[in-house]
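Shown next, in structure tokens, is the structure this report addresses.
Naming follows writing order (A, B, C, D and E), and every chain is counted from residue 1.
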Amino acid sequence: MASSRGKSVIGRFGVHIAVLVFVAIWTIPTLGILVSSLRDKDQLIVSGWWTALSTSSQTEAGRTDAADKQVEKDGKFLIMGNLFGAGDARTVTAFGTKAQQPTQFEAGTAADLGEGVTLQVNDDGSYVMSSPKAFEITRGQRVYFSASAPPRFTTDNYRTVLFSEGIGRSFINSLTVTIPATIIPILIAAYAAYALAWMRFPGRALLIAVIIGLLVVPLQMSLIPLLKLYNGVGLFFGVPAKTYLGIWLAHTGFGLPFAIYLLRSYIAGLPREIMESARIDGASDFEIFVKIVLPLSFPVLASFAIFQFLWVWNDLLVAMVFLGSGSDQLVLTGKLNALLGSRGGDWEILTTSAFVTIIVPLIVFFSLQRYFVRGLLAGSVKGG
Amino acid sequence: ELKFKPGEDARFTWANFDELKKVDLKGETLSIFGPWRGEDEALARSVLDYFSEATGATINYSSSENYEQQIVIDTQAGSPPNIAILPQPGLIQDLASKGLLTPLDEGTANFIKENYGAGQSWVDLGTYKDKDGKPGFYGFPFKADLKSLVWYVPENFEEAGYEVPKTWEEMQALTDKIVADGGVPWCIGLGSGGATGWPATDWVEDIMLRTQAPDVYDKWTRNEIPFNDPAVVNALDIFAKIATNDKYVDGGKAAVAATDFRDSPKGLFAVPPKCYMHRQASFISSFFPEGTKLGEDADFFYLPPVAAKPELGNPVLGGGTLFTIAKDSKAARAFIDFLKMPLAHEIWMAQSGFLTPLKTANKEAYGNEALKKQGDILVNASTFRFDGSDLMPGKIGAGAFWTGMIDLVGGKPAADVAADIQKSWDAIK
Amino acid sequence: MADLTLRDVKKSYGNLNILHGIDLDIKSGEFIVFVGPSGCGKSTLLRSIAGLEEITGGELYIAGEKVNDVPPSKRGIAMVFQSYALYPHMTVYDNMAFGMKIAGESKAEIDKRVRAAAEILQLTKYLDRLPKAMSGGQRQRVAIGRAIVRNPKVFLFDEPLSNLDAALRVATRIEIAKLKESMPNTTMIYVTHDQVEAMTLADRIVVLKDGRIEQVGSPMELYKHPGNLFVAQFIGSPAMNIVAGTIERTGETSVVSHVGGHKSSVPVATPSEAQGKPVSFGVRPEDLYVATGDDYLFEGLVDYVEQLGEVQLVYVDIGRAEQPLVAKLPGNVEVKRGAKIRLAASPDELHIFDSEGHSFARRRLTAAAA
Amino acid sequence: MTAQILSAIFTIIVGVGGCVVYYWGANKILDAVFPSRGVSGAAAVDNLRRQGLIRPWLFVGPAMLIVTVYLVYPVIETLRLSFMDRGGENFVGLANYSWAFGDREFRNSIFNNLLWLAVVPAACTFFGLIIAVLTDKIWWGNIAKSLVFLPLAISFVGASVIWKFVYEYRAEGQTQIGILNAAVQYLGGNPQVWISTPFWNNFFLMVILIWIQTGFAMVILSSALRGIPEETIEAAVIDGANPFQIFWKIMVPQIWGTIAVVWTTITILVLKVFDIVLTMTNGQWNSQVLANLMFDWMFRGGGDFGRGAAIAVIIMLAVVPIMIWNIRQANREGGGGH
Amino acid sequence: MADLTLRDVKKSYGNLNILHGIDLDIKSGEFIVFVGPSGCGKSTLLRSIAGLEEITGGELYIAGEKVNDVPPSKRGIAMVFQSYALYPHMTVYDNMAFGMKIAGESKAEIDKRVRAAAEILQLTKYLDRLPKAMSGGQRQRVAIGRAIVRNPKVFLFDEPLSNLDAALRVATRIEIAKLKESMPNTTMIYVTHDQVEAMTLADRIVVLKDGRIEQVGSPMELYKHPGNLFVAQFIGSPAMNIVAGTIERTGETSVVSHVGGHKSSVPVATPSEAQGKPVSFGVRPEDLYVATGDDYLFEGLVDYVEQLGEVQLVYVDIGRAEQPLVAKLPGNVEVKRGAKIRLAASPDELHIFDSEGHSFARRRLTAAAA
């Protein structure tokens, strides 16, 4: 339904609004984390991420220089400096010397610290502390101040993730796992789905039932028996138990029921006359499958490819169990996972790696999206 | 690349390195599976490097987000790593009882007993029954955490004129004083995703050690006294009185369970401070704001003992990781022997986040004052007890106990909470 | 050699019987046309012959061999589907070439035959298009092209021309006729609704109704000697006029009374027991002419006139409740709506059907008008 | 690095190529053993029939083999374990099952799972469908789709971090950094501890799964929507149907089969889902679900294979009705067959 | 009131122009038939009127109101699609009732109208079936029923009868004619390939070619006075015979020489500058008769004869390279294949077209034969 089919302006507008709302709801959580991953780690728990772009007023603590920096001038001992590091363009509005009253004094005024000691903090962060006696403090005086802080962003997290050692290797490992683990199940499932949809053989209905039933098998259930099997096979042939072949097959096995289920329901819906026509043309089932069914199933193959790709790409468990975790086999998720601190914190790495891992699936999504073509079957048959 | 060049720094017992060189493991591969990732992993590797450098063995270290699950799978399926490092004695016990682990050499238990502070406690910790019910020593403790610490900001204390409390009673008085001054004394955050609740179990364990004799604690962790024993209920109550008092905790009691434990210390550093004290293990300092100098910007004191119970001395609650052999090999044995050497400890001590109860290790090797101070607390402990929830069966220690703590701070009476946990415990017997 | 024999062929969907036992012998090289009302089972029968539907009873022989279980591709047939059934993802060229590619023909051969077929069907400039960018008629031509290209023993056409315009239809029809002529041993079976197609193309026409054969015969035979009322009305357009009547006199030449008691003598033999029986009395619109004298068959008022150029269709209300009588008169005859008109027909062209609809056999030798 | 890339490419080619070679080769061999072209008629027909008997098995064979090894065998193993004790060594009969139904946590999980089953598949399918339809009508539809799809590409762990930030709670009066509480506070409400409010927290967890899986539903439904013959929509437009009527009465019925597929898949996914619960609450505050409970008994803490397996078996039994319904559906639509 | 006005309506797909500017005025209540070769844009034009295609240029008015941007449902139209476009998930009944349900008609009213339409289209017993269990013709009838039921201001039919059998076709045609008569204010636009349909139904026929209007006029006008060669050949079946010729003499009555130098005098005025120019000389097959004397137009050998019952088509090779000449002769004239035949026609029925294909205007008053 092209928009041209005369929809009122309001109607058209409404669609845009509705989609916008959905997109907003779906994007906001992610956006939050994207912004957060770029923010300064300490600012994050202080203010909401949506305020990240605005200048915020914050109360903080700073410290003057210690006694070793004092100078004597006009009989007074002075410690001078700036609360902010170089290049920090913030404005102090008020300051204080007690944590409980951090904004006791206006910026630019001098605070009396007793014993003739005064402290003046100006709005640019510079301060002068003066005393009639020489200072003896080894650590600077703590100064609390309220300053308006411009947004602060950092790409450190991305730098950490993207330039960590071995990331390229694990990237390649991931691709080596993912590409065949996506294509192999598609092939196997498409053949099976075609057979289950359009070929007649005994036990067909039973097989369909089994496939649907197997959809529910929790992956974790299979790991121990399978790994035992792998170890057995590995031992028997004297080969390593953890190989790429092993993980491809594992992902294939876990992805197959869904693949067959999805593809079968689509393939069964293709117009029957087309198959018949090909059959009369002398095509065997193999040829019908390859030359007619496969091209016409592109949209569903693309959908499944996307999902399978995502699962495999984001998987860590299966990779760790069947491929191992040595650095030459480590997949990208494993690598990023290793960057995380062991106490599960380091959410800044977590969010950053979440974004790093998203990129490839998104590329896949975009490149496959064009196969979701409208009207692939258009013009093939007439009828209702 | 070795972190510290052998022979260069007198803090390290380099003799060990030369000794180690005599063990020839060229061509051998040692697979190690542990809980450390990220920076911790780098630290761990810095220790492992010395072993591989000296012996010629290749070490494959790996870890995973769900390493508990992974170790179960790998051992059950028959492809375990040589060395499995686990922080949960309960899990090791389970694996041992299924016959999936190899006991350590005869002398090892004795070595621990003699050379570790509170040695017997550590030996007991690593001893489990195998498939046939025969006890054996499986877990070599390496790297300890100290849990009985209260963190504070010295300058905040100074400004307000507070003193570090020496006894539980003083701490209680300080708490009330802070409230009276208009402040909030405690930051408590129990949030930890799926493990939410565990920080509270540490509180309860610490209170148990300060109100009951160590053997009561041990009975408790083995359920030889029921969870709803008055002794336990009392400990729960003491904690509940703090955690569910809206005046005592930052954000009020509703915030306790909802605040992530990683975020909770940050209240100490707010201006004005959101709270003045935070009880948490030694590792928490890595969640302090960037640039925080330990000892200056933040410091800790030992969670004080109850003055009314002087017989209990200075009990210490801690945690740590245990090294077990899941697949025996010459290299694995040699590696355990390596762990007995002071050098292995010193390397990590000299960096960060590592405490050791090994008395022979050079205390000067600690990388900073804070560590050293913690090390002292550890070594001088009159009683050392491992985190009780880690000793309990997983369903309790990493399940019902956590849930119970959440119920407790949610306002459920301590007795009911304890009864519920006991019920769960009964269910798995 | 491609004889086709159907013996009691039955087909049902579940317990819905579509074909009730079809018996038919088709000789090699014959051009057979199936006609019948919509939904009578023509497509089903064709599909059964192709092997696309498994028949539920009876036997089917092609070239003497029983093919009940032979897959479509081995029956040596080509089929043009009523619903095109084009491969939507292939260009016109590939659609046509597909069968030959499968058969492993050489590139050059494929190209030659595809281009030849495209030429015939005026598809040459569309060879690179996909079916979705073509008009209905263009699609149908592609479907025909696909069959032509395959050179089969038996051609099956399911209404292949129904979407073509008149000019192209005539042209394609003639092409099909020529195609047939150039392949004298190829059997063709053709389903159509178009009388002209049926009449011009068929060696024999098979009239189907409700899954049963009503009559089989050459076009002229069916036109001139319809076996029953159904065939009589079905063949010829507009349909034969049927008027209720009664046999007044039996014998070699019968006398029938009909509308308004008008009596007509018909050179058709009726048995004596038919005397006084109700019959249907039929005459084709094109056999009627305007009676000049008193010798007429029907009298009535002109209800409606359709001008078709050289001829006109005149609808005459002869006083019966049902539809008006239709007469096809030359275009130049002046007929006014509402005017009275008298129509006559040569007695030779009259038909009588008994109460069950069977026709009384007409004497083959045309007698002189009564 | 290049050597590595080359070896990766080589590995990939070997893997995918092997698979292609199997199908192509098996087909060639079949054609060679039972030739149907270039032999006499009767023999060809016979051979074709033989091919017809064998070829389906060539097609489904690999799938069956893999599925048997990777799923059927583990299922049988699980079934066996569910009758065994914690170490999987001694037969204990139905003890694990009777334990399960007596366990409070288990009953709570069943209840929660039913809630999830009632809400999540419906919500995902509904939103997926709406978004698929709406985005088809606008020029930036693909961009919108990608954004809705995005959550699917984020790992579960990443997703839980994201949602922690949404649900983050700060005491009243403090600056809220969780957007939900910020919004609530902005609107004048009191901030809530969303994930620890029993019963309702289930819904807050479900929102996460809905957020993730809607993209899945959208992608599949969107490809189905594109298969709807344009003319039927045009006919409805002429019949005067408004967009809602076209959607509900013309489009939805025509993709009913796909909707069923999506629904079924998400239902099954819901039965299996545990990551979200694990990372957000680990079943606390009465938010436990079966899959997480099973996981708990199996690998974490529990260490009881028997009970874990019993719960797994119960989860699998839960899909039997869905299975039966699907098979009926498949048989009714007939697929094809000739 | 449903006048329809098209002003320079254009439609292109990308840079493929399909309609090149159509100007047409349709009066309320008119029955307009679009004819033209397959792919000429008939469906596209119809869809543009319906609002299913956005026109890329020009203006479209219905009842005086510009509807370029009015949605289809607000244009007051009903449409029968060439490809049926049935709702596959609804029964026949629901397919027909859908529009009324949408419009919120009462159950009783819906039922009444659906059943009435089903009766007309002989669909009553299929009301509960789904489209997939129906034959092609049945499906098409449902599509027609769906439109009938809606009672719109403008009816659009895209080849609605192409899958019906002759009998049903005639019946439905007459139903449509009656429908039209019963709704004198309803405008109908009808696309067909069937000459008879076009001739009998249309008030005016619009002949399209390659997206342009070739001629608009009443059926008789187009038949008798085709404006150009294309229309001449397109209207009438079989098509008009066209023979190359040269004007020998201009004036009120022209003389044309054609095949074999044969000269014929034609009562068509040609200007003097046409003298000696090549022209096309046309005569309809049905206007030819067997010449008895020397006064003939064409002479040739009978190539092929098609018997159609009352008439026969005789293909005569008159010695030109292209197709044979076609003559439609009465069925009773004895014609033998290979025999020599001479054909004549009344000069009134002769047409001449200039080298660009435009016809020379014929004198409207028919003169006596030369």
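Miscellaneous remarks
Note that a residue touches a chain if its C-beta (ideal position, glycine included) is under 8 Å from a C-beta of that chain, and two chains touch if they have at least 3 such contacts.
Chain-to-protein mapping (UniProt): A = Alpha-glucoside transport system permease protein; D = Alpha-glucoside ABC transporter permease.
This one's a predicted model, so the numbers in the text were calculated from it and none came from an experiment.
Contact with chain A and chain E alike is made by C, D.
Among the other chains, B has the CA centre that is most remote from the centre of chain C. When the C-beta pairs in contact are tallied for A-B and for A-D, the bigger tally goes to A-D.
Nearest to the overall CA centre, using the mean of each chain's CA atoms, is chain D.
Between the Cα centres of chain D and chain E there is a gap of 56 Å.
Averaged Cα coordinates give chain A a centre that lies 68 Å from the centre of chain C.
Chain centres here are Cα means. That of chain B falls 39 Å from that of chain D. Our note on geometry: chain B versus chain C, Cα centroid distance of 94 Å, whole angstroms.
Touching two or more other chains at once are residues 65-66, 69, 73, 193 of chain B.
With touch defined as above, residues shared between interfaces to two or more other chains in chain D number as follows: 36, 52, 157, 229, 232, 234, 237, 295, 298-299, 338. Among all residues of chain C, those that touch two or more other chains are 52, 71, 73, 83, 103, 133-134, 136. If you check the complex, the residues on chain A that touch chain B are 41-42, 45, 59-61, 98-102, 139, 142, 144, 220, 223-228, 230-231, 241-242, 316-317, 320-321, 324-326, 330, 334, 337-346, 349. The residues of chain E lying in touch with chain D in their complex are 47, 50-52, 71-73, 77-79, 81, 83-90, 98-99, 102-103, 146, 150. Interface of chain A with chain C (complex): residues 271, 273-274, 276-284, 287, 291-292, 295-296, 375-383.
Taken in their complex, chain B has these residues touching chain D: 65-66, 68-69, 72-73, 90-91, 94, 97-98, 193-197, 250-252, 254-255, 257-260, 393-399, 402-403, 406, 410, 427-428.
Considering their complex, residues 33, 35-41, 60, 62-66, 69-70, 73-74, 76-79, 155-156, 159-160, 182-183, 192-193, 262-263, 266, 269, 271-273, 283, 286-287, 289-290, 296 of chain B touch chain A.
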